[in-house]
Structure formats: C-alpha cells, structure tokens
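Presented sequentially are two complexes of chain A, the first with chain B as partner and the second with chain C.
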Partner chain A sequence: MDIETVGHAGAERFAMGQSVPRTEDPVLLRGEGRYTDDLDLPGAAHAVFVRSRVAHGILRGIDTDAARSMPGVLAVLTAADLAADGVGLLPKTVSLANPDGSPARNPDRAALATGRVRWVGDPVAVVIAGTAAEARDAAEAVTIDVETLPAVVDPEAALAPDAPQLYDAVPGNVVVEYRYGDAAGVEAAFASAHHVTRLRFVNNRVVVAAMEPRAAIASYNADDGRFTLRMGSQGVFGMRNSVAKVMGIPPETLRLLTGNVGGSFGMKSTVYPEYPCLLVAARRLGRPVRWTDERTESFLSDSHGRDAVMTAELALDPEGRFLALRVTGVGNCGAHTAQGVAIPHTSNVVKNTVGVYRTPVMAVHTRVVVTNTVPVGAYRGAGRPEGNYYMERLVQTAAAEMGIDPVALRRLNQVRPEEMPWTAASGQVYDSGDFPAVLSEALERSDWDGFAARKAASAARGLLRGCGLAQYLEATAPPSPEMGGVRFEADGTVTVVTGTLDYGQGHAAAFGQVLSTRLGVPFERIRLVQGDSDRLVVGGGTGGSRSAMASGNAIAEAAAKVIEKGIRIAAFALEAAEVDVEFDRGAFRVAGTDRAIGIMELAGRLRDGLDLPDDLPATLDVDHVFSGAPSTFPNGCHVCEVEVDPDTGAVRVDRYTVVDDFGVLINPMLVEGQAHGGIVQGIGQALMEHTVYDAEGQLLAGSFMDYALPRAADAPSIAFASHPSPARSNPLGVKGCGEAGCSGALPAVMNAVVDALAERGVRHVDMPATPLRIWRTLAGG
Partner chain B sequence: MYSFDYHKPASLSDAAALLGKAEEGKLMAGGQTLIPTLKQRLARPTDLIDLGAIAELKGIKEEGGALVIGAMARHADVAASDVVKRMIPGLADLADNIGDAQVRNRGTIGGSIANSDPAADYPSAIVALNATVHTVKRTIAADAFFTGMFETALEEGEIITAIRFPRAEKAAYAKFRNPASRYAVVGAFVARTGGSVRVAITGAAPSVFRWTEAEAALSANWSAAAIDGLSVKADGLNADIHASADYRANLVKVMTKRAVLAAG
Partner chain C sequence: MTTTVRLDVNGEVREVRADGATPLLDVLRDQLGLVGAKRGCSYGVCGTCTVLIDGMAARACLAVAADCEGRAIETVEALAPGPDRLHPIQAALARAGAVQCGFCIPGVVMAARALLAVNPAPDEDAVREALSGQMCRCSGYGALVEAIVGMGRPQDG
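Showing the complex of A and B:
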C-alpha cells in the first residue's frame, strides 16, 4: 500500500476552522444557478392570483365568467374548486395554550378566501393560462364583489372592545394569551425595588423582501399518481409533509424539490396558499403549472416580520442590581395563523430578553392578535432581536436614570463564566460563555475610550454623535432530529445528504469541511444534497440558527458510523483483526505496521465488487439520524457609533464593532458574513424600514420607491472579532450565528441614536429612527 | 403591461408623423418613468414612439455663451460632460445624484422635465438657472414651463428638443434624498447671475416653485446666514410617509443654506 495515496494534499486548507470559499459562488456569480423560475418545464401553464384590494369585507361573489372566456385561459379556480378536490385548511401554526388551558384560537384558513377577505393581498382566485400575459389579462377580468367592513391594522387597536372583529372563532381578535413566570414574585420585587425603569417599545413591522421572489412549479404524473412541487423553501422534508397534509394526500406521493434559493429569512418556511392551488391546477389540467411572484405582489403576499408593541420593565436595587424583569404587550400576527406565527411574541420573548444578566425573576404576559394586514411570520431572529432590544435599551436607560456608568452596570449584573451552567430566569440553561471578557474585548476594539474626542469632533461640524453598546444573548432553536447521510457514489464523489437547506448561507462549504475533517475525504469530491424530499428520511430544515448544530453534528456522527463500518471492511481487506485497525486522517491502518488503505480507495474497492463475507456491511454508506442538539446561546457585544444631523434628522452609522461568541467556528468567513448580514438587516429595521398602513388597511409603503431597504452605502464597515467559548452541549462545540447580527444591532444602533440625542433631553426614540422621526423628536413634537 | 406597437423613428419629423397617426401614441425617452407605469398597467398606449434614434435630440454643447443640452441627453451624460462641468458645475453635480447608476444611464433630461414629477431634481435647475425649453414648435421660458403636479405647458404631442441654460456665476444644488427612491424630499437650486439671484425648490410642493424671500435676502447678502431669519410656511406643502409639511418647510431652509454654501 502506497502511503502517499492515502490522505490528500492540502487537506488542512479545508479543515474545520478554515475560511473555505463558498462552493456555490462561482456558479451563482456566473448566472448558472438554478432558481425555481429558471426551470423550464415543457408545456407549463402560467398562474396569476387575483387578490383582494380591500383590507376587510364580506365576499359576496366572485365573477369568473369573463375571465374564463379570455384567450388562452385554461382554468379559473376559487375556494370551492379546491374544496371539491379534497384540499383542506392551511396549517395552524400556533400550538400554545391560553392561561386557562384552552388551546390557541387559530382561525380556519383555506388557501383561497372563503366568506370574507381579510387583508389587501388576500388571494381570492387563481387564473391559469397558456402564457403569463394571458393569465394576467384574465386575472384583471375577474370581479370580486366585496361588502367592505371596517379594518384594524394596529395590534393595540385590535384589542379595543369596539375593534373590528376578523373571525367569529377568534373573540376579541386574540389568538392566544400567553403568560410565563412568577407574576406575583415579580410584582413583589417591583413593589419593593429602589428603582424601576420602564419603556414602551414599538417593534416596527418589516417587509422581508428576499432578493428572489417566491416561485413554484407544480406537476402531476397521472401514471403513478405522484405530484412534484419545485419551489423555494427552507427545507424540503417538513414542507413536503405539510403540503401533503393540506392536499389530503399521502406524503410519499409528493416530491418536493428546492434548487437555489435567493434569501428567505424565515419567510419561505410556511405553506403558502399558492402551493396547493398550483398542485390542484396541475392535476386538473394534466400539465405543469408555474407561478412566480412579482415584487409588488410580494409586498402583499409574503409574510412580513416583527410588529409588536411591548412594555418592558426592570427593577433594580440601590446599587443597580437587577431584581426582576417584566414584559407585557401585544404582538401582531396579521390576518391568519398559517403564515402568521406567535413565537416571536411569546416563548421567544421569554428566552431572549434576560440575556447575559443575573436577574432572579421574570414574567411575560402578552397577547397575539389578528389584524387586517399581511400575516406576520418568523423573520431573522423571530423574537431574539426584539427581546435583546428591550433588555439592552432598558439597561442603558436604567444606567442613565440612576447615574451609573452603563459599562459598570452591565459588569455588576453579568453572569460570570465560573457560574456556568447557569439557569436563567427564562428557564434556559446556559452551558458556556464569558460575558465579561466579551464586553472587555468589544470596548477595547471599538476604542470606547476615544469616543469623547470623536464626539467633540462631530460637534465641531454641527453633528450629534452617540455611542451605543449592546450585549446580546439568544437561544437558538430547540433540539429536533436531523439527517446526516453519507454516500460513496459510483463516480468517486461523496454525497452528503441532510435536511437543512441553504438559502444563501454557504452550507456546502461548511458541511464539506466537517466531513472532510472527520473522514479525510477530499473536500473537492464532496457534494451536498439538501433539496430533494425523496432522498431524506428526516429533515428539520433551516431555521432558528440551527443548521451548524443540527446538520453539522449529524454529519460528524454519520462520519463516525462510516468509520465503524470501514474498520470492519478494512480489516478484511488488509487481512487483519478488527481490533488492530485504526482510522486516522482518511486511512485505515493496521496498528504498528505500514499496511493501510485510504477511505476513498476502500470505497473504490467496494464499488469494484470486493468479495465480502456476508456478515460485513456491503458499503460504507450511512443514513444517520441525529437526535438533535440542545439550544445554544450565542452571545456577543456590539458597539455602534452614529452621527445625527440635527437640522435634517438624518442618522449615519459611522463605526461598528462586534465581538461574538459563536463557539467553535467551522468556517470563520461564512460566520463573519452572517454577522454582517444580520447587522445590516438590524440597521435597516432600526433606521429605515417603515411599513406604513393607512387606517383602511392599504399598505402605503408598498414598493421600493417608498420602502427603504438598506443599500451598501447605508452600511458601515464592520469590525468583527470572535471570542469563542465552545458550546458544551453539542459534539462540535458550535453555536448558531445566523440571526445574532440582528439581535445585537437593534439595541446597539438605537442606544447610539438615543445617546446622540441625550444632550437634547431625549430619553427614547422608537424604530425606525427615520429623519422625520428624529427631527420631530428634537423639535419636541 | 398591455400590448402596443413599438416604433423607433430616426428623425423628429417621422416621430411627429407617427404620433399624429397613432390612436393613442406615447413618446418614450429613457423609459424610467414610462416603463414602470406600463408594467403596472396604469397606462394603455396603442403606440410607443422611442426617441432614442433621433440624432437631433442628442448632444451637449456651448452655443453663444449658453449651455445647450439635447432632450435625449441622459443624466449620466450630463454628469460626465466636460462642457457642463466647466460652464455650470452645479448642474453636473445634480445629474450625478439622480436615482442610481441604472436610472442615470437611461433617464433623460427631456423625459424628466416633460414628466414634471414634484420630486424630480431637474425642474429646480431649469427654474433657478432661468433656462428655456425648446420644442418642435416654440421656446418656453422656465417660469412658464412647469404648471403643476405632473403638468407642463407642453401641448399634446409637443416634443422637447433641447434645453438652453444661460451661464451662471454661481450655482449649486442641495438635495435631501428620499432614502428609498432617492428622489428629492426637498431640493434647492440657487443661482446667481449678474445681480440677480434665483432660488428654486423642488420636492416640497406639488410643483417646483421660486422662493422669492430667499432670492431677495440672497441678493442683498449672498451668504447662508442670509437665510437664517426667513421662515417657510408649511401650508400647501406636500406630506407623505417620509416627510410632513412642517418637516419639508424646515428642509427648504436647510437645503437652501447648504446650496448657498456649496455654490461658494
């Protein structure tokens, strides 16, 4: 055996911990990606949806006759057609119970409107025609007879006794009332506290605006009775099961395929009304049916994010020790709970507010309401950024009110590393983290001490400079099973099969690094399969920053199983006893000898028909199911400096420093990219993104002419550093990083804005801190 | 978009003839406003007459001491033009800050002023610099050209051929951008020619207007401080989700001062 052929040259370059470039970039940058709309299915018809133009009303009738007789029209479907074909209700996402034990009141929601329309954009009918232009023309000819009802868009207004009611089955518009914690204990702590800081927050609604609009193509094979649905998603396995359930078909009769996805942020994770409609149309027409959202339509049909009004209160003793924390308020889930979700306004407020601080007790009491607005789904962080925003604004405000240095106040209350594992007031058990050290490093890297000089320089130019600190901690998704499949293919490649899904994160490189490190297979030979439901035995999908924990560890465990099998086969091939065979850096070796066989060579021998005894495994392939990793607690410290122009109210982010504890970094470059993206998204919500509805429920910020997404020029240069405390709760020691940027950015940016305005007597500004809002605040209005 | 017939004539006379024949003809310059309107099905022309191949509408030149810009000059052309930079640098600067690079590479000066968007930048320059708008049949003075929101003195089918700007001693534009669209929330163009000062404000009201109090104050004292004592009434100013009328009134002052500072 030639030792040279064993390992492979330059393996260290692809090891865990290296900044391996994303393998998909050359493909995507050349325009060779395969997004859903890029697929060309011969004979496909085109669907266009007819949507309500009023926010609330009784659906008196839908006249489709004119549309049906238009050129090229193949079908016009309404809710009645779906019901006739056995399509059921869309999923009900809220599984929480009310304090009295009764279940949440998820309204019944069919894919197309029945009885009433409930938001501008509510799909009422779908037109299918030979071309997209024909479908559009015919969609215009569908007339909807609606008796308009008063609308309610604001979550607090939805709670008013005389508020318009959306559903008979959702009295008071309340989907669920949620309580956590020892309310009486918290009340007692507040009653005897030396100081209470209280702030009311509007957590502004944002439009997700993924670069790639949603798109789907349905087809049906009458011969085997199987459907195929090609669409952007966050994981095909769960989506297949959910869509199949809505369709009333066995899951194995649906194949769900996802190719490249251009961003999702949570938005593409739910079963939207369009998908069952397309499947029904494909079965009825016997040809593929395709649909791609248009941008203006996306503003009305994709779930939005955030949208809550919360009051947060912190009780402190005379020295500034935190005694208790309370959050009360209301979250908006939009018009229904198929896309609308409760987690950001309920359990994720609990898990993500108390943060890095020793705080003995906390209580949360919130309501989740329906309104006549686009449903509000999970959006990058889904409660994590909000919770951290509430807490870090409270801490800064408490420091100012009590005359304590904000850094000293944080240090006084931080959980210390020697106290790990720490059970927080949220009930979450933090496994690791060095919060004091992270804070120190952030202060140093951001030149915290140099702020005063920079502030003076800004003042000389007539500008108000502010500095904002935010130390965040978030809980990533709870454990759920994930697949780690490893296949040695006939062409000499190694396929990794897993059920998370990349929609911009760069999974192929990161997962390849895990496998290459654990198994010694050449990185270049590794292929990632993630978007084919037929190839998965389980799959949790991407969400809650879980992919590195779920798929990373699944692949690492699968690699160990491959090695177990390999040792047995290698022992036979090397004519040695199993106990004498060791595995090291890609090769099976007879201990103490130079007899060895590389793993790729062993796979090749198996393919070539190595004649194995019956009791040995026939391949090295593994379909492993990882039981799941507990939530991790990524944390870090953001320091932001802004300049405010008092004449115009314009805010510019000038400096940005972040020090993150994401545990072990599989690929530092990808992680830093996630931090950058999350921070810029946070800056967008904090300063620019203003989703304005009028009182009738029309979305005024309904296009990019009015809805301001941050551009590159709006983002500062971000100084990133890693200060890892490896997670003790999963084998790889990784922590989630996908949402953390938002969690630190909202409070850091807003603390900086308020700090800039503090000299003018300002105590709080709500997001988004647009020029108009800042100017008004300074003008005292 | 509804279907229409597309034409690309090579001369002004052919364009006029096509327009005359069409049931409902529409001129197209850079298409930056027109195409989105068509895509949203807000207009339904039978014929689209693309002005892009007409040589007579192109070019930027100095003529008799004035700057003459062809109607089809794109914003990027104006921004990069040595003639413009030499004669009225503030105008090149204005063009360089319209929208984004894609918009500047298609949008034209003729299309912009024909459209008379209340938030467009060029109208302020036309008025402050006291330019004349040349059309196929006449010349129109700046003060008479913009008649209201999306309204101009142009008659049905009247094609703008060029805009003639007298040279100014000092001229500059200051704009507060809409963070989403980058149009002007408020833009102020100030120009001094001989003893005369003109101040034109865009974005603030339904149409571009001259701020005569500022003109008087700056004629007496050409400095940003001259604006300090003035006040702008919010009555009649635009209000939208980005800016209330009183905020716009504030920006009129702030941007005018900044324009004076920039003009030097």
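Showing the complex of A and C:
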C-alpha cells in the first residue's frame, strides 16, 4: 500500500506503542471517503430550512402558500405538522439542580419554532422539493410574520433585572445556578490571605467550524415501519435512542448510520432540529429526504463553543502557597438547552481549574443563562481549556504581583508524585502523574534559559517577545459503559464492534493495535464496525476524551473473554485438559508440549464445522460490555513564545513546546496529531477567533470571510514529547488526549502575550488577542 | 440556459449539463459522481473543493463549468496509480500522520500537487503559503507541512 513503516518487523510493528499508519487513510487520501453528502440515494428529495432573520420576536404567522405552489415543491412543514405526526420536544440537556434543590429550568423546545423565534438562525419551517435549487427558491418564498422583541446576547447583560426575557419558564434567563465547595471556608481563607490575585476573564465564543457541514439523509420503509437516518454523529447508539425519543418511536424502529465524519469537536453530538424534520418528511413523502447545511447556515445552526465571563481569584500566603481558589461568573448556553449545555460553565469548571496544585479549598458559583444567540454546546474540552486558562493566568499573574519566579511558584505548589493518589479540592482523585518532572522536561526542551537572549534579539528588531508557561491538568469524561464486540468472520477477518465513533481520531488503527496485541490476530485482518446502530448492544459514543479508555479497555477485556472461550475449545481440539492449555502470542498451547493451535486456525476450524460437545461455546465471538472506569487526568506543560509587533499589534507564535503525560500511548503518531490539532485550535481561540454579535443579535462574524480560522501560516511548528505516568485507574493505563491541546494552549499563549506586553505595563489581555485589541491596549485605549 | 458541456476530466471527455452559472463542483459531484472534491463553503474560502485546472490549483465551487471546456481538469480520483496504490503525495501524508477527519485532504493533496509541479523542493514557508487556501480544523497543519516539505528532500538509500 505504498506506506512503508519503519521500526519493528512482523507483528511487533502493530503492537501497542507503535506509530502504526491509520487504517482509514488510503480511502480518505484517494477521495473515496463517504461523508453524508457524498452518498447517492436514488430518488431522494432535498430539504432546505427557513430560519429566523431576527434574534427575538413573537411568531405571528408563517405563510407557506406561495412556497407550496413553487416548481418541484413536495412539502412545506412547520411545527404544527411535526406535532400532528407525534414528534415531541428536543432533549433537555441540563440535569443539574439549583442550590435550593429545584431542578434546572430547561425550556421546552420543539424542532421548529413555536410561539417565538429566539435567535438568528432559529428554524421555523422546512421546504422539501425535487432538487436543492427548487427547495432553496421555495424557501425564499416562505414569509415569516414576526413581531420583533428586544434581544440580549451577552451573558452578563442577560442577568440584568431589565434584560429581555426569553422564556416565561426561565425567570431571569437563568437555566441553573450552580454552586460547588465550601464557600464559607474559602471566604475565610481569602479574608486571612497575605495576597489575593483576581482576574476577570472573557472566555470568548467560538464557531466550531468542522470542515464538513452537518448533513443528514432520512428514509422510511413503509413495509416494516423502520426509519433509517444517515448522518454525522459522535456515536450512533446514543444518537439513535435520543432521536427515537424525540420522534416518539421505539428505538429499534430507527437505524442510525454514520459513515465518515468531517470533524465534530463535540458539535455533532446532539439531536439537532433538522433530524426529526427529515424523518417526518421521509415518512410523509415515501422517499428519502436529504439535507446538507450551507456554510453560512452552519454559522447559525451548529452549536457554538465557550462564551462565559468568569472572575477567578487565588489566595496565597506570604511564601506563595495557594490557600484557596474561587471562580464566580456566568456562562452563556445560547437560546435553548437542546444544543446548549451547562457542563462547560459548571461541573467542568470545578474539575479542571485547580489543576496540578495543592490548594486546600475551592468554591465555584456560576449561573448558566439563555440569550438570543446560537446555542452553545460542547467544543473541544467543554470547560477543560477554560478552567486551565483561568488557573494558569492566575498563577502567572500572582507570580508577577508577588515578585516570585513563576517556575518556583509552580514548583512550590505542585502535588508531588509520592502524594498520589491525591484528592484535589475539586473532589477529583488523581491516580498518577509526575508534575515536577513534566515541568522540568518542558523547560529543558523549550530552552527556557535561552529566552532572555531571544528577547534581546527581538527587541533589536523592534519586537516585544514574551514567554508563556502553562501546566495544565484536565479530568476526562469517565468512560461510560461501552461495547467491545469481537467477531471471527467467515472471510477470515476479525470484526471489532464498538460504540465510540471516529471523526478524525484514527480509531481503527488504535483499536486494532489493542486487539492485535492482546489476541495475536493479524492486524491487517481486523475491521472496525462503529457506525451502525443495528450492530451495537450498547454504545457510549465519543466525547470528553474517553474513547481510548472506553473502547480500548472494552476491546482488551473482550480479548480476555475470547481467550477464556478459546482455551475450552482448544482443549477439545488438542485433546488436552483445559487446565493444561495456555494462550501465548496468538496461539493456544498444551503446556510442556509442542501441540498448539493458532487462534485464527481455531476460528477456521469452528467455521468449518468442528464437531463440539454441547457444553462448549460454538464460536470465539464475544459481545462484551466494559462497565466503565473513573476519569483520567492527562496533564502536561506547554511553553509558548510569541513576538508582538507594537506598531501593528500583530502577534506571531514563534516557538511552541509541549510535554504531555497521556499515560500509556497506544499509537504515538495519533496522539501527537491530537496534541497538534488541539494546540492550534487553542491558538485560534486565543489570538484570532472572534464571534461578534451586534446589539440586535445579528451574527456579524457569520462566514469564513468574517471569522478568522487559523490557516497554515498562522500555526507554529510544535515540538511534542511524551512523559507518561500510566493511569492506574483503567486496565490499559491510558489517559485521554483529544482535548488536552486546547487546555494547555489557551493559557500558554495568553501568558506569552501578557509577558510580551508586561514591559509596557500591561497586566491582562482578554482573548482573542487580535492585532486591534493589542494595538488598543498598547495605545492605552 | 442549460446546455451540454464537454469537459476533459481526468483525461476523459465527459458530457455534462450546465447553465451559465453552474459551478464545476456541482457537475463533478452531482453528475459525474466524483465526490472527492468536497463542498465545504461554496464561496471559495475553505479550499476543500480544490482541483487542478490546466495544472493550476483552483476552487471548483467558484469555477464555472461551462468556462472549463477545452481545459484539463484533474481531481483527486485521478492520482493513485491503482486501486490499492497511493500517489507519492498521498503516501507521504499517510506516513506523516497528517490525515485526521480527512474532509480537507483531497483539496490539500491537489494543492500540494500544484505546488510540487512548479517547486519540487519547497521549504516550510513555501508550503505554508501554498496551503494558505486550504483550511484544516483538525491537524494544526504541522504534519501536513512536514509531509510536503519532506517530499522535496533527497530520499535516503
């Protein structure tokens, strides 16, 4: 296949720990990947959604008559049609309780707008026609009569007593008020502290902008009453169940298929309004109905990320020991809680702010509000990057304010490896990690000591150089129950079935390496099945950096079950006692003899009809369910150097070094790719990505021409190194790596920017540190 | 007005239906089944639809199909020398671990082909410049750049 690998020969090439090339690549590189819009379903009609052009208003009427008479139009659906067909409300994602014990106030949200429109992009109707062009033309002929109301877009403004109210059922626009920790103890620690560092942060809203726009194709078979929905997701099993619930149908009557997915970053994980609309249309019309978002629509219909305003405070004693940490503020979840989520603004602030430091107490008090904006969902890290951003900016600022070396301040407060397991002030129990050693390696690899000379060289060119250090730690999502299915197929291949889903991570190679290592089956015979809900008995899906923990461990445990079955069958085949049969490197052997049978040969004998006694298993196949494991705590140290041009405000990332502890690496090449991608997304949020709304709720940064996504010339070369402490909380010893790049990059980049500007008296700059913002900061305005 | 247009696509003459505004991308994807070029933005910014027209990298979403008569159009489907083979650019990207979700990749491959045709040994800056029209949200670009720069280096042994 023209992709030669270096290093070990034979089976060792595909063992865990090797940088095995991705199984998916040949297909994707030849342009043979099949993303949803690439599928050709004969006879499919095309759907186009009609969306609100005002941010807030009372929906007085929808006139669809003109559209219905346009050429090629097959149907125009509104909320009334969905209700008539039994479609229920979209899921309510916020399950937290208020301090008084009352549940979060999730507003009712139907797939198409009822009563009011609440953001620019709110879907009001859907037009289905024979061609996409006909549907687009007819969608323009749908007239929406809206009585405009005042809009609110800023989360702090949404809390004002006179703020426009989005829902009667959400008083004060507050979905949930969230409290964590011993507020009185924290208050006491602050009152007696030698020094308090306080910073107010705007955690800027970002547009997720996966390169593949969302798309879906629905079809319905009247003969068996089953729906099929082809779409990009982060896991078909959970998505099937959630969509079926909205549709009011039994889950087994919906088959959810996901092929290639062109990026997601959390965004494609929720039940969007388009999906039930397409299913209803397919059932009514008796033909497949397809829909692909236009990019301009994606900016208005895909969940956004981040968007919070938080004040973080750190109390220190005279030597710089951390005494207490407090985070208070407000997070924006956008116009509703079906795509809008609370986790980034609540529990993930708790779990991901105190980081690698001994800090006796912490308190978090936040409110999650609705606004007239695109719903804010999970985006790479979902609270993990922002928590680390708050903490590492606080540490850097405290060091400057107290005149303590920032490295020394970190070393003074780090949890030490001999203190593991460590119960942090967040309540999280860290199982492993060598934070001092990770810091030391990062300083060495980044040539920390050479910074002064580089700064002088920059100064000679009229540029301000800054160096930023950030030592992050994040709590990954605890892996939920996940399927590890292993099937020995008739064609001699081995199928792995699991419910996490690849949208760029490279699961097939990594999971194949786990199975090949544990079972000794040839790597090239292993196939991964992940995107067909009919093949799964359970599936937690991808999200929160958990796939290696969930599916990796599910597959490893499934392999052990295969071996258990295999020993019994092999004992019969080898005419030996079960206790005498051992499994080693792909073969069952009778101990102390040369009698053995390879696992693939045994599978072949079973296929050929090996005549087994009734009490023996008939196949080696296993449908195992991994019961889950605790969160893991990936951590690492990022060192970033920037150059700022004081005349233009332009920032250039010049050097970037990262040392990560991701535990045991299944495939180092894939892991490094995840780190790179996360870091550049972090650089994007820190320096470039500015999601601007005007006061009326119009998204001004609504296209790739207005919204700055990092391009090749904006990204630095990144020096990556692994400094693993294997996780003690799961059998493979792996830690999540998918989101960690963002967690280190936000603080490292912003610490570097502030460091560069410090000589001009600057103490803090908010993200995104665009040239305009830097220039204005330096101009004192 | 829709007319028949004869296009030279990957060395074959193909007849398609197009009016004066039909984008080349629509013709490739919807009529010829060549879905390697992706619809990422449809307004010429993201680069996922990049193909070669007379050897130059071009946005298929902005190119008017009718204007492409008589010009040589090359899409990613033409590159690999066989069903189980990869073009050297494709192999280099796989070795470097440069592919993640893959949606931008056909465009990146074609942009790299256009660059290497005029500059067989590009340095890092030249590669980053050549890829400046190819958005990638997954990779951070490092492995893409490394793979393409590596193609210009003399190979050992």
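Just a few scattered comments:
The definition used in the following text is that the second predicted complex is superposed on the first by the 771 of 781 C-alpha atoms of A that agree within 3 Å, B and C clash if a C-alpha of one lies under 4 Å from a C-alpha of the other, contacts with A are read in each partner's own complex, and residues count from 1 in each chain.
As a working rule, a residue touches a chain if its C-beta (ideal position, glycine included) is under 8 Å from a C-beta of that chain, and two chains touch if they have at least 3 such contacts.
In this text, all values refer to a predicted model and were calculated from it rather than measured experimentally.
Once the two complexes are laid over each other on the shared chain, residue contacts for A:Gly504 go to chain C alone; chain B is not touched.
When the shared chain is aligned, chain B comes close enough to touch A:Thr648, but chain C does not. With both structures placed on the common chain, the touch criterion links A:Gly262 to chain C but leaves chain B unconnected. Of the two partner chains, both chain B and chain C are touched by A:Phe704. Of the two partner chains, chain C is the only one touched by A:Gly677; chain B is not.
Within the superposed three-chain model, A:Ile718 lies in touch with chain C and out of touch with chain B [touch as defined at top]. The partner that reaches more residues of chain A, of the two candidates chain B and chain C, is C. Of the two partner chains, chain C is the only one touched by A:Asp25; chain B is not. Where the contact sets of chain A with chain B and with chain C meet, they give residues 296, 704-705, 709.
Residue ranges on chain A touching chain C, taken from their complex, read 1-5, 19, 21-22, 24-26, 28-35, 37-38, 40, 209-213, 260-263, 265, 292, 294-296, 503-506, 669-670, 672-673, 676-681, 703-705, 709-713, 715, 717-718, 741.
Those residues of chain B lying in contact with chain A across their complex are 1-3, 40-41, 176, 178-181, 241-244, 247, 250-251, 254.
Note for the complex: chain A touches chain B at residues 133, 137, 140, 296, 647-650, 688, 690, 692, 700-701, 704-709, 714, 770-772, 775-776. The touching residues of chain C, when paired with chain A in their complex, are 29, 33-43, 45-46, 48, 75-77, 79-80, 84-86, 88, 90-91, 93-95, 97-106, 109, 124, 127-129, 131-145.
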